[in-house]
Amino acid sequence: MPNVTAIALIPLLPLAGFLLLGLFGRKYLKNSSGIIGTVLLLASTILALYTAYEYFFVYGKVAGVYEKFVPLQLTWLQFSPGVSIDMGLIIDPISVMMLVVVTFISLMVHIYSLGYLKGEERFPTYYSFLGLFTFSMLGLVLASNIFQIYIFWELVGVSSFLLIGYYYDKPSAVAACKKAFIVTRFADLGFLIGILILSFSGGTLDFSTLIERLTSPETNEFKAAAASTFLGASALTWGAALVFVGGAGKSAMFPLHIWLPDAMEGPTPVSALIHAATMVVAGVFLVARLFPIFSVAVPGVLEIIGWVGAISAIVAAIIACTQTDIKRVLAYSTMSQIGYMMFALGVSKYGGESGLGYTASMFHLFTHAMFKALLFLGAGAVIHYVHSNDMKDMGGLRKLLPITHITFLIACLAIAGVPPFAGFFSKEEILLAAYNNNMAIYWIALITSGITAFYMFRLYFNIFWSKELPSYTKATKGKEGGFVMMLPLVLLAIGAAAAGFIPFGEFVSSDGTVLHSHFDLTFSAAPVILGLAGIFTALWLYKKQNDKPAKLATSLGGIYKMAYNKFYIDEIYLFITKNVLFNLIGRPAAWFDKNIVDGLMNLIGNITQSISEGIKKVQSGKVQQYAIYFLGGVIVLAVLFIYIWK
Amino acid sequence: MNLLLLIGLPLLTAVAVLLSRNKEQVKWISLLGSMAQLALAFMLFFIFRNERATGNVTQMLFEQNYPLFSSLNINFHFGVDGISVAMILLTSFVVVAGVLVSWNIEKMTKEFYFLLLLLGMGAYGFFISLDLFILFFFLEISVIPKYLLIGIWGSGRKEYSANKLALMLMGGSALILVGILGLYFAAGRSFDIMELSKATVSLSYQHILFPLLFVGFGVFTALFPLHTWVPDGHSSAPTAGSMFLAGISMKLGGYGCLRVATYLLPEGAKEFANIIIILSAIAILYGAFATMMQKDLKYINAYSSVSHVGFSLLGIGMLTQTAITGALMQMVSHGLMTALFFAVIGMIYDRTHTRMVGEMGGLMKKLPFISSVFFIVGLCSLGLPGLSGFVAEMTIFMGSWENTDAFHRIATIAAAMSIVVTAVYILRAIGNTVMGPIRNESYLSLKDAAWNERLAAIILVVGILAIGIAPGWLNDLLRPAAEEIMNRIAGN
Amino acid sequence: MQPGLYHILFLSAALFFIGVYGFLTRRNLITMLMSIELILNSVNLNFIAFNKYLWPNQMDGLFFTLFIIAIAAAEAAVAIAIIINLYRSHNSIDVENAEDLKY
Amino acid sequence: MNEFFTLMKSELVVTAIIFLLLFIKISKGIQHSSLLSLIQVLLLINFIAGFFFNKSGGLFGDMYQTSPLIVFQKNILSLAVYLISLLCTDWLKKTEHLPEFFMLMLSALLGMFFMISSGNLLIFYLSLELASIPVAAMANFDLSKKRSSEGAMKMILSSAFSSGILLFGISLIYGITGTLSFAAIPQLLDGSTLQIMAFIFLLSAFAFKLSIVPFHLWTADVYEGSPIATTSFLSVVSKGAIAFVLMTALYKVFAPMQDVWYTMLVILAIITMVIGNLFAIRQQNIKRFLAFSSIAQVGFILVGISSGSEIGITAVVYFVLIYTFSNLAAFGVAAVIAEQTGKENIDDYKGLYKTNPFLCWILALALFSLAGIPPTAGFFGKLFLITAGATKGSYTFITIAALNMIISLYYYLRVIRAAFMDKNDNPISTIKLNASVKLAMIICGAGILLVGLLSWVYDYIHSLSL
């Protein structure tokens, strides 16, 4: 059986780190904070690996199926009998897989940051935020309750906010962290309402019970939820769709992706951890977590998910081709890859062979975490070296940064889907799943994989080949980052190279059964050839500095410009927020309050004053007029009471 | 436990303050007194829990009943249920924090603390009263302190704001007065809440009296569109004054809306629930949008208070047990949060001498403690899990969703939309003040929080975290009490 | 012809209104005082007439009249004293000169 | 004979004091300041004497009636007179004609005592005149001041005019019923047109004395012109006495016409409150300001009176007691300031707190009490008046009354704001308070704070009024 203490400690150790460093770091642990954080996380990682081992190889498999365990469930907030927010731990294939991914990547980032952020003033703060993030992310993946996942969902959001805004005195960082938080918050609104709908329909917030009730058409809950409709869709559809909106926001799916490129304002290791490997895949994880509901109860929503994923994948890939900020390229690539995971889920079905998409998605999540973290950390090493994010300031770095170069290349090959690197295997499965279910998505995915290879190698060549910048020599710039920065690169490179050989379907599948992956060379040919084509195009264009890319850009004209400007989605958002939210709603509301509501109150006051001023003449000082009023009073009373009311 | 201690102790402290000889004495007596109140509130809390744990399910505990104006059947009737205990805890937190942040008041120190303590006493008395007359007495008793606190120690257009506040609250009181008199005569000459809760008031009376009472108390708790005293009053008040106003006084209104209007006039509540919902949904969104355009930190918090308090009214209007529990949680949470917010604003203002968001920036560099607290309170305001605001809002949403018709659903969604807008304005405020580059060179020489400010902030942060991290205790406290109210509404 | 109750009441009503009219229109304070005397006298007439025609058994009306006359004298005394004092400071007994206190 | 002394002891004590003063005046034997102390002691004795030998009964064929409640009402008035004698020490010391002033004041008080006790329209009329003519003379007591004589002139003329109207009403009642006795009249009333007419005449005279709108116009001018001692006497003692009598008249004499007078009172109460408040908003002179405020307060008293039951009586008596403390405290502060600095405008009070915190707190207590804010007794007083008014179940009326409290709060706060908040470079300098003034203010302050909280006061009055 699961070891509760061990599992609970996995998230709690980083939390301890957060508290310790957050409260005392600034004053007392200025220098040792990095070590403390890293050691705690190392312990966490070991526990995670132990848990994974125990689960997959010792107790997890019951009668050939990986069971779901909920070893701990504490009531956190009781709403009504049966409906409560619980703090629990769920142990099933995906959560265990995520545990490993999160702790491992986080550990890498912790180690890497020891070198990358050395000497920073807010070093302890940084590590405490990392701790907070890791805790939240682990809490998210272990959540046994839909509200618990929401709680940690928000917490990762805020940790992401804090880490993006780590350089708080940089206006662009402040703007980026605000944007990231607000956009995801907007999506979370959907998530929240989705939770309300689902939990009300299911009469519970607990995942297992919820899934149980909402996937079998016999239960009363299912019937009621399916029967109540709003705008032509059932409550269940709305709930599931809104939950997906939340996932899409966090996973930067089109059109809620605009925060992700900006989020690159954060320190690069943070981008590697949060905005590449872990947090951004939370949306995928969420859909996977609720997959039975999506696939059984609301297949329509699943189709939407597929399309959103596919569109995101290709749009991001196209934009990535035009960007010059290396982190932004990686950001769009992340978005594109998450699009893959998302549509893989979208084309999947529940159970058995047809659940291939699910397995593929998770597999891709896993491999992507490795190579994308590697890419970011590599990019970080480059940035650390040249102090710039822009491709224009780079070139010919392969000699100066040999380890970085090799590991980066491995990662590029992995993401381009070149066998036998990790990306090949997972992408292969995804394409297969799409091929089996939705040809349109398959074609999009195929094209995207070609573009992916192209822009990744555009990046690679631009950084490491292209022009030789005379100012960059060992003498002027020194060596590449130290051991602590190189170790994670190497470890991740090993992962990126070898992770594909893990028989992932054996461990993770939609219903817990074993899913054997089979290779079909004929099927693999197309994507591999496309990928190689992309690589060679990039080689032709970018190996040496020349004017071919510029010519190509001009010949593409409008399309290039649109892609370069990210299809103007940012501008649309800006227009909406600035003109609609601020000018059309906020300003009138403030004006209304100041002038109408408040004005009304003041008006009452002023009217009283002016009446008071107006009637002062009554008190004329003339005693005879007083007598007239006296008589008038008598007469009026007499008339009223004798002639009118008598 | 003798509840009269809760009135006696603040009164004694206030008198001791009046008799003390110098400023130091005044401050220390106030601090000790308020600490003692805090201890007392905790004692009450634990004794109350203990009683409940041992199976005492009487609705009101520690009841005391002395005849006061016996010819009018007015009694000094006290007792507490979970709601009162929670509110008393809140009050004691805010009082201590308020005393602490006012440590450097130079002008008329004695009077300041005297009024502050009097204000606290009024709140305690209000929350333990079970007689409408006494309740009204304690509600009104705070008018003088509020007016003087703003008018004498305030800033900006203080006279205008003080006047507006006093007059609008008086307007609310006038309606409440008529309402309770109506109840008094409709239920056979009794002001006693426990008796009235068993009395049957005819439908037509309920339909007249409920709006009077609800709107009356609503003015106190910034019911749209009668909230206009909030921005001006809060922004002009001295720091502790704003804390008390938003942290305690506004809660008096919410408590009254629930305990008096809704509980005693259930049919009226049902009749007008939809209007309450509409008004509070408007207040939530409209307050949030209006906040977005504010440039003064105090105005930001004041308008956001309108928005947040809207949640508690929304919860009441939803008339489900969970929603009402959530409404009460929101009151407690908002009380702590907004008090902390004002405290932080005060601390910043004391240093930078400006409250304009546009003039600050990068305070994090020199004021890490204050800035961190600002972060915490901002995040609490936008409903971050782990902090109190989240718990309360989610409970309200969950409760609201129990109403299945489209109207309630749409209102809930509208209210939920505010969490995005809240994020916008809170992050704007945070981004422009504590983050960003330092815009004023002189800020480089600022000193971080002093011990009293730290203590005040920590006390309130602990409160916020205690609710945010482990809401169970508050839930256990409020839910049974909310159930009693729901039983009455449901007609059992 | 013996005058009946209504004749006297008519007379007293007329006297009353003459008094009121005088009080409202005369500017001289003494004249205003005299107008009040007219009002009081109309009341006196009323009392006497009621006593004589309606309730001849008791003397209430007559006594009341006597008291009114006495009080009127006292009132006039105080009023004239005040008017004299007013004359000292205002050098006039015109009511229109004493309108400082207003609004 | 023994009964004569016990039943009429209030009046007899006052008469004795008047004569004593007369002798002193004639003999010219006592120095000015010690005379004042003597008078204060005598008035205190008068007040204390009110607590002994309280019995119910009637004299002179029930033309004179008394009961513990009536004695209590008289005690309130005696207390008020005593407090006035203390509060206005500064002014009284300067007056040349000190004994005369008190003779006049006590005569008026005597008139009021008789008026409260009257059981017959004749006595009522006589005592009413006795209660008003000396006051006119008192109003003129600042002999050298133009305004004083103008005020006195306005008072005596309008008062004579209203007496004329009153008498006309009484003569009609007499014509209708043939009796003047309070006990006999109600049985003979049936609400005919002529009776209503007579009642309106009578009520207008009451309204005049009580300053009910629109019969109130003399009030402000007279208050402003008169010396503050007179003003406070007028606003507290006269008002209280008339309010008590009005209740007797309405509840006993005109009981059969309750429907008529209830509606009338409602109308009059509403316009009185509204107009009084609206006028008060604008005032600058503190005496004039208090005049209008007291008009508004009378509106509230009418709310209580309109209930027509013992709740109303209790509430009104209780309120008058509180009103005595509150209004006298306010007038006391005004008197001290006016006498020592010659300043009577609200704007002059700016920055007063800096120099005279004690006066400011007394003023604040008084004004908050008048505004009806707890913990002051005024809160209870007003609340019980409104409660009494609510017994008839007209919520519109009660709501209007309650809303009027907002306006009244506004102008009371104006004064408080001036005293506590407004800055002034040249505030009124620190005033040295006479011991007796201070004593009176402390009594008032204690009264304001305690009468409300000590609920047995109310219950006691209630037991009397049953």
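Labels A, B, C and D are assigned to the chains in the order they are written; within every chain, residues are numbered from 1.
Here is the rule we use: a contact is a pair of C-beta atoms (placed from the backbone, for glycine too) under 8 Å apart; a residue touches a chain by one contact, two chains touch by 3 or more.
Please read all numbers here as calculations on a predicted model, not as lab measurements.
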Of A-C and A-D, whichever chain pair has more C-beta contact pairs: A-D
Geometric centre: closest chain by C-alpha means: B
Chain at maximum distance from chain B, centres defined as averaged CA atoms: C
Length of the line joining the C-alpha centres of chain A and chain C, rounded to whole Å: 97
Distance between the centres, which are taken as Cα means, of chain D and chain A, whole angstrom: 77
Rounded Å distance, chain C centre to chain D centre (Cα mean): 27
Chain B and chain D, separation of their C-alpha mean positions in angstrom: 42
For chain B, residues contacting two or more additional chains: 167
Multi-chain contact sites of chain A, meaning residues that touch two or more partners: 605, 616, 619, 621, 623, 627
Contacts with 2+ other chains: residues of chain D: 153-154, 157, 161, 165, 220-221, 282, 410
Chain pairs in mutual contact under the definition given at the outset: A-B, A-C, A-D, B-D, C-D
Chain D residues within the chain A interface of the complex: 153-154, 157-158, 161-162, 165, 193, 196-197, 200-201, 203-204, 207-208, 213-215, 217-218, 220-221, 260, 263-264, 267, 275, 278-279, 281-282, 407, 410
Complex interface listing, chain D residues touching chain C: 122, 125-126, 129, 133-134, 136-137, 140, 143-147, 149-154, 156-157, 160-161, 163-165, 167-168, 170-172, 174-175, 178-180, 220-221, 224-225, 282
Touching residues on chain B, where the partner in the complex is chain A: 164, 167-168, 225, 227-228, 231-232, 286, 289-290, 292-294, 303, 321-322, 362, 364-365, 368, 379, 382-386, 390-391, 394-395, 397-399, 401-402, 404, 406, 412-413, 416-417, 419-421, 423-424, 427-428, 431, 434-438, 470-472, 475, 479
Interface residues, chain A side, partner chain C - complex: 616-617, 619-624, 627-628, 631
Of all residues in chain D, those that touch chain B in their complex: 311, 314, 364, 368, 373-375, 379-380, 383-384, 386-387, 390-391, 393, 395, 398-399, 402-403, 405-406, 409-410, 413, 416-417, 420-422, 455, 458-459, 462-463
